[in-house]
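Think of it as A, B, C and D in the order they're written, each chain with its own count starting at 1.
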């Protein structure tokens, strides 16, 4: 993926028909000046979707702000992304009162993919943060229960299969294409 | 016998009981380590990942249309859910508006699926508490809705109704009649099961006050779907963030979110049963108000770069598809969050302090769906053939066949 | 000489009785038949067909299950106590067979008036109750010897069932004993049925048997560990409970022992409350009754007749027990214990008091003795 | 002994206890297996009974591609079963890996982990297909075990011809 594409991925919404979203967006941007980057934060064309780019060390503050100010309790999920140089964690929330889905994004550098976990604030993220650590190698520091979640027990430590550059060193993807029964002694 | 000076306190031994990965209460692999003292559960630990099929990774190598079929196979029970939600996500990314009729038919499939899934759950719940007669009866009546789905889509489980830009099959007038007739029967039967679930004393005793999930905990632990609604948490995407024909359903004012403040398994059961009756009414409304028009819109295979968060209320709760496109015909990143995944955390909470005998019904109460949870993504239509041939061989053979024809 | 010959004939008849006709073979046959009836009735009530393709309407299905299990590999888990683990199925099977020996099915001994069981002596009610308790204890041992968490949980639950439902079972069986003034199964049955030269009881006494019969049916369902009391081998909770580690021949024996226990349970209900294998004798025609009974007692026609009546009555009890299985959800163990101690046991005690009161005060007052 | 052996062989065909194992399937096949045991088709007609413990089972019904993590469990449970034992792969995924081929966590087909006796393809196979597959398995088993005068075949064949007749008449 090239630089230009990653920019055009953001489809800003027009002001009309998105008044509620813009009102919330402006309020948040004003309240969180310094914690949230303007670049990467926008109101999406799809109705009721807001995206915020958060600084990695400010994530806990931002989540706490949303929880206190906007009564945000519905934690949806967390999805990882591989952007090339950076790895990204997308926290998806839903504000039940305004009925708006917000996404908080954290970019962490590939060589030191760490940021502080928010599982102690919102227990709902226990499994997904573990999953992010396993599949992308992004480490939520301070996670209360770090453990194996999705991958098999014998999975090597330094392999993160969802990263784009994971090249399947052990031929696992090819192996799954074999068919037909084995000989009795091979089992 | 000598009398000891100090009274000894006897603590029952702590036994760790593994439930799973294979256990008759779970039709799917998942592992719950329950630490029990006598019959009381002291601690519960959820261990998943037995079903991890790396669907998200496979999807990155497939085109959108292929991923659509793969999405269907994330979960066999809510196949229309993932299939439809992905189609919705791709349409949103391509910024295409699909015809009204397609929206209605898509919603109809979803609601019929909800009926089938809830009856399935009801049967499983009866089975978990050893009420096999009601289990058999409810699954017998589930065949009615399975038949309706089969006549509608041609398949019993993986419906493949949705495609990018609309739906694949139309609802004819005669089919409409059949559906309406079947819905009448279903409504009658569901009212009967509602009464069974509420007034059958032995069943009620097993679910009343069991697996209590207080409203506050449900909120902080992110419970969704009937699990959350059974604890009076108003999370229902159909009303909070409607898409497709749900906008019309909500605007018609005839339907409301089903909530229960019982906070236990009984509450979840009631929410599910009442929701099924609501779903039958919704189906009927959709059929009566079905607009005319085309059922499909053409969408170009290459989707512009975009990022989309598609949500839908599956039978088990909120499904989220986070789709990032990059201008090619393959997804850049596709994340699926199935509802069960959100309910694990709260379930471990509800297990603690309960009886061992209640563990199966508590587990079943969230309607766990491990296959949704342990992520997957990808599909080969050719593999549906019966022969056990590698894909490459098949491809070579098909090439030869075409060569021989020309 | 004549005495010795008589003795040999007596021994032959006795051993035929023990081994073949009302004994082991016949009981095993009934056990498999009862299982078929149970399964079939259960399936029909659930809108299914049940076994269909093994013999006539699947009548050979239980036999085939048994034979198949006999032909399977016998596995013993590593951690289990090997000898005890292997011994338990044999103990269960033999105990259950001994239990059925006490049931009076046909007239084995023409010298004694009335129908007697193969084993019959004064005070055998106590032995029967003792052995049926022993059965439950064997099950507890079976669970513990398998060294499996599910097995041990199942064993503990069987113990809980034992302490809460054995007492109402015993009390419910005391009522017929009190009414007849005997602790011998055969005498109780003969007196209740008013047969074999023993003075018959007034009909008013029979009203007192209704409540203990209901208690008995509930308690025996718990003794047999069937729904709603199947906590100790609940499939969805603890897999198969105490049976989880058994396979092959041992499992076949356990299944057979369970089926024989069903024969015993139904037979005991028939014997203690429903008048045993007597049917036509209830018709209050003195001449007919006496002549009929003496005819039946002396010929082989009598054996077949009594066996058929016994089967008929037992089937009714089996159907009642099967019906109970379909009607309820499984109870939780604490609910069972609570129901047992809060409801069934007090009911049984009240019943005991009512019977005693009626026997001592009310019946003499009314003039029925 | 020949007679007894024959009897036991027939008993094997007549009363298979099945045991259901999900090795990473999408649930579709699982619910269809349960549906086959339900009133409409009722596999118990053939003496098939669903049991919960591998120790009691004769036939293991496997659904789904075998994931890396479930593989050791699958093999262990297969070892726990008592001889003679059979494995039936139900659904496309269990037969060959199905749509999940190319995944890093899937072995592709149950036969990659344990020997399989019968394959029932379909995504998912209909309950009637599962019933038919189970019946076919019994038929093949009865042939293998040397009971050529198959008793299981007759009533089913009659029923089928009857239903075909009815369909033709209607």
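Some notes on this structure:
Assume a residue touches a chain if its C-beta (ideal position, glycine included) is under 8 Å from a C-beta of that chain, and two chains touch if they have at least 3 such contacts.
Only a predicted model underlies this, so the values are computations on that prediction, with no experimental measurement involved.
Between subunit A and subunit B, the least number of touch steps comes to 1.
When chain centres are set by their Cα atoms, the one at the greatest distance from subunit A is C. The two chains most heavily joined by C-beta contacts are B-D.
Rounded to whole angstrom units, the spacing between the C-alpha centres of subunit A and subunit C is 65. For the pair subunit C and subunit D, the distance between mean C-alpha positions equals 37 Å. Here the CA centre of subunit A is 42 Å from the CA centre of subunit D.
Between subunit B and subunit C the centroid-to-centroid distance comes to 47 Å (mean Cα coordinates, whole Å). Shared interface positions of subunit A, i.e. residues touching 2 or more other chains, are given as 151-152, 161, 177-180.
Shown for subunit D are the residues that touch two or more other chains, namely 38-39, 52, 65, 67-69, 96-97, 100-106, 109.
Chain contacts: subunit B has residues 23-24, 49, 52, 54, 57, 136-137, 140, 374, 388, 391 touching two or more partner chains. Taken as a graph of touching chains, this assembly fits none of the simple shapes: it is neither a line, a ring, a star nor a complete graph. Going by the touch rule set out above, the chain pairs that meet are A-B, A-D, B-C, B-D, C-D.
Looking at the complex, you find that subunit A touches subunit B at residues 1, 5-6, 8-11, 44-46, 48-49, 51, 73-77, 79-82, 90, 92, 94, 96, 99, 101, 103, 122-128, 148-152, 161-162, 177-180.
Subunit B contributes residues 15-18, 23-25, 36, 38-39, 126-134, 136-137, 140, 200, 202-203, 205-206, 355-360 to its touches with subunit C in the complex.
Here subunit D touches subunit A in the complex through residues 65, 67-69, 75, 96-97, 100-109, 111-116, going by the rule given at the top. Considering their complex, residues 7-12, 14-15, 38-39, 42, 44-47, 49, 51-53, 55-56, 58, 80, 82-84, 151-152, 155-156 of subunit D touch subunit C. Across the complex, subunit D is touched by residues 39, 43, 46-54, 58, 60-61, 63-68, 70-75, 235-236, 239-240, 243-248, 251 of subunit C.
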